[in-house]
Structures are given as structure tokens and as C-alpha cells.
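The following pair of complexes shares a single chain, chain A, combined with chain B in the former and chain C in the latter.
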Partner chain A sequence: MAHPSQLGFQDAASPLMEELLHFHDHALMIVILISTMVLYIILAMVTAKLTDKLVLDSQEIEIIWTVLPAIILILIALPSLRISYLMDEINDPHLTIKAMGHQWYWSYEYTDYEDLGFDSYMTPTQDLTPGQFRLLEADHRMVTPVESPIRVLISAEDVLHSWAIPALGVKVDAVPGRLNQTTFIISRPGVFFGQCSEICGANHSFMPIVVEAVPLQHFENWSSLMIEEA
Partner chain B sequence: MAGEEQENNNNKGFRLLGILDVQNTPCARDAVLHGAGGSLGAGLLHFLTTSRVKRSFDVGFAGFLLTTLGSWFYCRMNNAKVRVQQRRIQDGIKNKIILQRTPHPGSRSEKKEILNRLQNFFLGSCPNLHKILRLFQASRLAHRRVTEVRRRLVYSDSSRSND
Partner chain C sequence: MLATVGKQLRSHPALIPLFIFIGGGVVMSMSYLARLAIRNPDVCWDRKNNPEPWNKLGPTDQYKFYAVGIDYKKLKKEGPDF
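Coming up: the complex of A and B.
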């Protein structure tokens, strides 16, 4: 999860997010260099004492400042398109989970083998135990196996919501009457937090998403337990 | 505790133009340092040869841009190669148990099968090619035999010296 006053991305927990971080660093370095160059040119022009009144045009510099930006744009566009198509790849998921947005909680359904469904409400601040995170903890977590492709089908029952988890690089709108799909693979076990990302009413900030990635054996034990309890 | 230490590190880290976290971005620190060195070198060299101050600053800055970009792309390319290798190794380790005692791509039996198939395919289209293939196979076989003999000699020598 994010630490206080964090500006950058969270550490990646999925291969897609790693690629996104990689691309972000690449694009940011290019942006930094261009900004530095512009700052330097501004400083040079402001501090210049000489002015050439007879310069009307210059073919060389016109060619340079047309061709160079085109090259830079290609250098940014190619990795961007690569990641864009990578995100849309279908990779034969092992598990399908339905995430439904309500005002103001999420419900999850695991219906591949047995009928398992539960609601996930935010843990109120007064009920938090030491070590838990304010406005991020939920009473029931969405448990998933590690290193397995997982498909999540996202929709909403009432108004627009958005299912987002920054560490996994996932953000998908939950639209009533529409089923949106996303797939991801969680690379390491852990607990990953997200928050509703589409304004949906008074408690929009109080419907977090919590995904817990566990080894397959633990996932099987958890699902058996949940089915028995239900 | 670990979170606090990480938070302190993140707060103290140098941010280029206030946005690029040089410490935590892979290759950024090396690229900026190389750029600074390149800028200093290029600017100084130009000044020493021409004694023009302003132009030397411009050359130094151009050197900074080019060196930073070059170092950045080179480092990122190497990083990408290492990441691909790392993923392959991870997959190999994960699948080791599943693939144990089954011929996997690159095993001798599969290579032999591929070679036989290639031979059968080409023999039909090019009659002289099979002679070339036979010569190639013979030379490979001869090389393998020579290597085996050498290994046995080296092993027997080392066992005699231990005795």
C-alpha cells in the first residue's frame, strides 16, 4: 500500500504493473531531459546580450526541431502501444471472480465450482485493531491464489463505481447493466488495497477493495471454510 | 519500523526537477552521473580548445543530454534482457518438477529428431545436400569423440596425481 506523503507509484505486484512502471520511468526520463533543455534555452536567451536583427529563417534548425520531436514521439509511442496491447491479451484464466459495486460496498462471487458469495464492507475507524489501516481495511477480503491468471468480471447494481488496485495496475469501471472484464496475475503473496475510483455518492471514499493473495493450498482451505460457513 | 525507514529514504532521496526519484528508479542514478561527467568533460574540452565560455556551456549541456540518454537506454536495454532471463529461470524452476524426465526443447533426443526431419525434408529437394549434412554430422561426431577422449585422459591424469 502507499506510505504517507508518497507521490510515486506503489511497488508492482503483477507483471503488468512492472511493465507500466518500466514505461513510466522511460517516458519520465525523456520528459525530464526535454524540460531541462527548455529551461537551459530560456536561461541562455534571457542572459544573452547580443541580438541578430538579420536572421529571418534557418532551414537547418527548422529541420532539426521537426525531425527530433518526431523521433522522440516514436520512442515514446512504441513501448506505449506494446503495453496497451499487452493489457488486452487473453491468457486463459484459472479462476473467475465477479465483483459487483453497490452503494457503498463491494460484493464478490466465486461461482466456478461452488456458489460462494460475500459482501465486503469497510471496517469502521472505531473498530480497527492496532496495525490496521484507516479507510482501507474491509471485513471480508477478496482472496486469490498467487501466480494464477485471474479474471475479474466487474459490474454495478446501482450507480457507477470503479474497481481499482494500484499495486496490480488495475482500474476498471463498474457500470450498471454492463459487464467489464480484466485479467491479472499476482506475482507475490500479500494484501493489496484499492479504493472506489468513480464518484458514487456520500460514502464513495468509504468502500475500499482488499485483495489477499495466498498460496493455492491456503486459497482452497479458505474457500472450503467460506462455503461451510455459508 | 521497515516502513518508517523506507519512508525516510524516500523523503531524503534526490528528485531531479522535483519529480524523478533518482535513487529508486533503476538506471536513473547511473544515467544522471554519467551525464554530469560527460557534460563536464565535453564542456571543459571545448573550452580548452576554443576558449569560448558561453559556447562551451552549450556544448557541455549538449554533452549532458547525449550522455544521459545514451547511458539510460543502454542500461535499460541490459535491464530488460536480465528481466527476461530472470523470468525464464523462474519459469524453469517452477516447471522443473513438472518437466522432470521428459524431453524438453534442446534435449539431445529432440535435437536428433529435428535433425532427422530436416534431413528427410531437404533430401527430397537437394540431392547433394545430404552429402554435406553427412560430412557435418561426421565432423561433429568426430569432435565429440575427441572431446570425450580428452576428458578421460584429463580425468585419469588427475586421479593418478591424487594417488
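Coming up: the complex of A and C.
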């Protein structure tokens, strides 16, 4: 989850999010360099005492400031397209989970081997135990095995929602009547939080998503326990 | 009109890179658009003879422009034949 007053991205928990972070660093560095150069030029021109009234045009500088921005744009576009195509790759998922958005909770179905389904409501603030996060915790977490490619099929039962987890670099709209697919691999065990990212009514801010990545043995124990409880 | 542009370019040669980059951008975007129109399986031109081309994809078809990590020749079909 985000620290208080955090400005940057959360630490990446999936290889795709790492790529997105590196690309963001690359693009932001270019933006900072250009902005610093422009700021310097503005200050230099404003504070200069002398003015040259006789320079009217120059072919060389015109060529430079056409070619250089074009090269910079290509240097931004190529990694961007690479990541874009990387996101759409099919990577042979080991597990398929269905996440359905309702007003105002998520429901998860693990139907690969047995019928396992449960709802995930936000833990109300008055029921939080010490150490839990306000407006982020849910009563049932979506448990997944770590380091396995997972496919999540996302849809909605009533209005638009969006299933988003910043640490994994995932944000997929839940559209009623439509099935959207995303795949990701969680690189490390942990608990990752997200919030509904499409306005869906009164409790839009109060339907969080909690993904808990555990080793495979723990995941198998958890799913057996959940099936017995049902 | 091209003769006028050519004459003006000769007296302002600094504009030549502009023509190169903008022209290159136009060519690249139009050719990608044409590729999408002709080769994308989501597009249907002939409703009588080829009504739903998206149903005809095999597991080794690469219809995207650029494959970063997958070798499409190694993929196999997962579902049943019907």
C-alpha cells in the first residue's frame, strides 16, 4: 500500500510493474532535462543586458531543433511500444480467477478444479484491529500462489467498476456484459491493496481489492479450507 | 504546387528535416492503419464469404505487430477441437 504523503509509485511486485517503473524513470528523466534546459534559457534571456538585433535566421540551429526533438520522441516511443506489447502477451497461466464487481463489493471465483467462490467486503473502520489499514482491508482476501502466472477474468454484475492494484501494475475495467482478461505474475509473497477505480455509486471508495500472494503449499491449504467452510 | 514547395525549400534548407520527419510519421501511421484494415482479424470486409474472421485464428498465428517474448511457433492449442 502507499505510505502517507507518498508521491511516487508503490514498489513493484510484478515484473510488468518493474518495467513500467523503469520506463517512467526514463521518460521523467527526459522531461526533467528538457524542462531544466528551458528554464535556464528563459532565465538567461531575461537577465541578459545585451540584445542582438541583427540575427534574423539560422539554418543550422533550425535543423538541430527539428532533428533533436524527433530523436528524443523516438527514444521515448520505442520502450513505450515494447511495454505495451509486453502487456498483451499470453503467458500460459497456471490459475484462472474470476473477479466480479458488484455494488459495493468484489466476488472472486476459483473454478478451475472445484467450485470456490466468496465475496470480499471492506472491513468497516470500527471493526479494524490495530495494525490494519483503514478503507483498504477486506474480510476475504484474494489469495494467489506466488511466482505463478495468473489469469484474472474481470466483469461486473451491475454498473461499471474497475479492478486495480497499483503494486502489480494492473487496472482493468469491470464492464457488465463483458469479460476482460489480465494476466500477471506476483514476484514476492505479500499483501497488495487496490481500490475500485471506476465511479460506481455511493460506496465506490469503499470496495477495496486485497490480493495475498503465498507459497503454493499455503495456497493449496487455503483453498481446501475455503472449500470445506462453504 | 510541388514546384513552389521545392523552390521555397531550396532557399530555406533548414526545413528539409521537418519534411523528412513529418513525412516519415505520415507514412508510418498510414501504413499501420492500412495493415490494421487489411490484416487485423477483428475487421470484416466481406460479409458473405468471410463473415467472422476472428473465429479462424490458430494458436500459432501472430496477428500483433511485434512479439516481445513469445515464440508463436511453440504455442499449442489448449481447448477442444470443434
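Observations on the model:
In this section, the second predicted complex is superposed on the first by the 230 of 230 C-alpha atoms of A that agree within 3 Å, B and C clash if a C-alpha of one lies under 4 Å from a C-alpha of the other, contacts with A are read in each partner's own complex, and residues count from 1 in each chain.
Here, a contact is a pair of C-beta atoms (placed from the backbone, for glycine too) under 8 Å apart; a residue touches a chain by one contact, two chains touch by 3 or more.
What you see is a predicted model; the values in this text were computed from it and never measured.
Once the complexes are laid over each other on chain A, chain B and chain C both fit without any clash. Using the contact criterion defined above for the overlaid structures, shared-chain residue A:82 touches chain C, although it does not reach chain B. In the superposition on chain A, A:90 contacts chain C only, with no contact to chain B.
In the superposed pair of complexes, A:63 makes contact with chain C only, with no contact to chain B. Of the two partner chains, neither chain B nor chain C is touched by A:228. Within the superposed three-chain model, A:52 lies out of touch with both chain B and chain C [touch as defined at top].
When the two structures are aligned on their common chain, the gap between the nearest CA atoms of chain B and chain C comes to 13 Å.
If you check the complex, the residues on chain A that touch chain C are 57-60, 62-63, 66-67, 70, 81-82, 85-86, 88-91. Of all residues in chain C, only 12-18, 21, 64-70, 75 touch chain A in the complex they form. Residues of chain B touching chain A in their complex: 3, 6-7, 10-11, 16-17, 19-21, 24-28, 31, 54, 57-58, 61, 64-65, 68-69, 72, 76, 80, 94. The touching residues of chain A, when paired with chain B in their complex, are 3-8, 22, 25-26, 28-29, 32-33, 35-37, 40, 44, 147.
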